[in-house]
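Report on one structure; see the data block that follows.
Letters are used for the chains, namely A, B and C, taken in the order the chains are written, and counting of residues starts over at 1 for each.
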Amino acid sequence: MIALGYTMVYGIVRLINFAHGDVFMVGAFLAYYAISYFQLSLPVAMIVSMAGCTLLGVTIERVAYRPLRRAPRIAALITAIGVSLFLEYFCSLKFVFGPDYLSFPRPFEVTTWEWAGINFSNIQVIIFAVAIFLLVLLQYIVHHTKMGKAMRAVSFDHDTARLMGINVDSVISFTFGLGSALAAAGGCLYGIAYPQINPFMGIMPGLKAFVAAVLGGIGIIPGALVGALIMGIAEVLTSAFISSTLRDGVAFGILILVLMVKPSGILGRKSGEKV
Amino acid sequence: MIPLLEIQGLSKYFDGLKAVSDFHLALPKDELAGLIGPNGAGKTTVFNLITGLYEPGAGTIRFDGQDILRLKAHQITKLGIARTFQNIRLFNELTVLDNVRAAYHGHLEYGLVPAILRTPGFQKKEKELTQKAQELLKIFNLSARQNEVAKGLPYGEQRRLEITRALATNPKLLLLDEPAAGMNPAEVRQLMELISWVRSEFDLTILLIEHQMQVVMGCCERVVVMDFGEIIAQGTPKEIQTDPRVIEAYLGKEI
Amino acid sequence: MKNTPWFIYLLILLFPYAAIYGLIQGGIINPYWEHIIQYAIIVFISSLGLNIIYGYAGQFSLGHAAFFGIGAYTSAVIMKALETENYIIFVLVLFLGAAVAGLVAFLIGLPILRLRSDYLGIATLGFGIIVKVALDNFDRLIPMMGGSRGMSGIPKLTNFTVTYVFGALAILFLRNFVFSSHGRACVSIREDEIASQAMGVNTIRYKTVAFVMGCFYAGLAGGLYAHLYVFLHPSNFDFLKSFDPLLIVVLGGLGSISGTLLAALGWTFFLEGLRVILPSQILDWRMVIYPVLLIAVMLLRPQGLFGGREFGFLKPKEKDAAAR
């Protein structure tokens, strides 16, 4: 899900939003506070968290990325790194979220079932269901709504889209907001599955989500799903058969392989530079 | 007499889209030829194929008798083919002088270690290189700006700098891609004189892409016309001016 | 105009050395600050390496800390194994560590350097993580390295003189490279890779040269670091640490040796200064200010302090004979 957000943003603004993983982190924390302090139920907490992160994402875009839209790609990337670091360290300040691990509350009982020799838990089912739901929703938005059309137009060419009367700035803000909401949802689900949360938890998932997005084809939405699935499977297999400490290394080994062999990803299109 | 540049059956497809198909050309030494055609006809693609900037398609390209189709761009330049670009590609943050000096790299005569140790051999060669670059700048009237950053130059001088830089690579064949783009009539006239003069002064063969017909008709001894990736006519300027296929390509079929 | 006479160079080099050395010996600069000064120079050498890769050749690398680590561990393992305090051997081992870093850079560069800039950044970042994971697990192959428990017992051989000399050599070496046709080849790649190829520059070769050189510098700095702090842990070399030299290079100005020098010194002393000034409760704000600074620079002055310029004495003066 983080991968979805990444891929969308990149497709439209050609920016690798490094801070995306940290929006995920904030999402998890917001849900934590919503549940712990405000006694909200899980679905409501998730919506609150998604709303909060949407706001966060749009703000980041406004403040940090928009001024650099005409600047070389690297400038924007460096700024994204800056935003990422800022979010991490700011949130570890004591008066914000604090640097320690917090236990994410699990508002329902864990039950497991067995089917065809594999153990399922209701957590996994919930995660899967929510992910599919959001994916379908996203596909609908992108392909069947006016805003979605606008997003696709902007992803091809900003200036032409502007000439067609599309307000490019709002579209980009919307995209960021949408991507951030997805990340927040991911954060909540993550919190349920792995109950320890802390301000730096977004780094690894963020990077791996990026790999997944690239693997599937950056800018292509179903690609993010394909990429994420492949990465997940590869990681689990490595943990099981080789060694769990090498797990992270595998993710990035895959990245390098993909970049070398087919940089546009499994489902992606090539984009060349005009000479 | 073998032609300097000999192209046969050159084709290039991009993901199934035909960019160039069965292009052929035999360019004798010292000729000034033009390559024209509507936008998207494939002219720049031909340039890119000759200079090795695109992966080779099918066909053969022979330069001075040597097969260059599979060579890399920098190797082709070293053999003696230089070019300018449709959208000026200068080294923007470098000075005018450094832009030209950079182009002398292909004819480099010192290695990495002498450079770092600043041996007398290095210093002598570096001085020679700088002097040659400065002489070239003088010829093209850019000496006054030699320490200015390239991106600050006015447009016309940027185009001139690009040509100067290309000449620094000591070419036998010069490919000019729309050198007159964006110029007013007076500048175009100056350019035409410059091109003719450069051809004789540097003993060059020149192939140019242009949309401005006065340049093509005024300078070129031979013109090749392309449309949709194929050659539709070839001949002297007068011949192709009256060729019905050429007229059709530019103006559409007569009703 | 003549080239700056060589004895001026010598003076510029010797003066700060003598001054600082005197202050150290005289006890005015205490051991803590002596440490910091050396650290600043080490950071400078490493950042200079990134400047070669990114500032001069335009290749965006986010894996710099990995090569710093490779140099650190390699030299540390060898020195610890040799059990000697001989300075000549130490210097040789430092070069060896750097050479290993350079070799790894060469090998990983072969496939990677073909990539476009933002993809290259991610690939190098990924490589950096792979190296860190490798360092965590290397104790299975070489128990001395300690893996995730860290490596200790490294002889403390780095001192101010050694660091200073390497710093000066690093500058000299790079400066001579930059102001030559090879240096121009690299910056032409940065400016426009396609035009550079068309002008006869073998871009693959020069990207590799710049990358290997830059990682060599990082490896050298790493070796100095290992023998200053005498304890190594893989977490010192994770990818977050690659952002430090990036910030310094960007802040100081891409393609400027002087800029990197000032930024490296400034950054080190700024962070240390904050540690001294800020009371312990708001110490954590240090790490918040740091990325804010990065963002501010990118938004306000992306060319950094020095843009592409240098201190005058670093540049060779042109003999402009034919221009008149």
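Just so it is clear, a residue touches a chain if its C-beta (ideal position, glycine included) is under 8 Å from a C-beta of that chain, and two chains touch if they have at least 3 such contacts.
Just so it is clear, the model here is predicted, and its values are computed rather than measured.
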- Reference chain A; chain at largest CA-centroid distance: B
- Query: When you take the mean of every protein CA atom shown, which chain's own CA mean is nearest to it?
  - Reply: C
- Task: Could you give the separation in Å between the centres of chain A and chain B, each centre being the mean of its C-alpha atoms?
- Result: 47
- Item | Centroid spacing, where centroids are CA-atom means, of chain A and chain C in whole angstrom | 33
- Whole-Å separation of chain centres (CA-atom averages), chain B against chain C: 40
- Of all residues in chain C, the ones touching two or more other chains: 194
- When you check chain B against every other chain, which residues touch at least two of them? 53, 85
- Query: In chain A, what residues contact two or more other chains?
  - Reply: 275
- Note on the structure: Listed in rising order, the residues of chain B that touch chain C in the complex are 51-53, 72-74, 77-78, 82-83, 85, 89-94, 97-98, 101-108, 110, 112, 115-118, 122, 126-127, 129-131, 134-135, 137-138, 143, 146, 165-166, 168-169
- Message: Can you tell me which positions in chain C touch chain B when the two form their complex?
- Response: 173, 176-177, 180-185, 187-188, 191-192, 194-203, 209, 308, 318-323
- Task: Going by the contact rule at the top, pick out the chain C residues touching chain A in the complex.
- Result: 60, 111-112, 114-119, 121-123, 125-127, 129-130, 133-134, 136-137, 194, 240, 243, 246, 250, 284-285, 287-288, 290-292, 294-295, 298-299, 302
- Item | Interfacial residue positions of chain A with respect to chain C in the complex | 16, 64, 67-68, 71, 73-79, 81-86, 89-90, 92-94, 99, 203, 207, 210-211, 214, 243, 245-246, 248-249, 251-253, 255-256, 259-260, 263, 273, 275
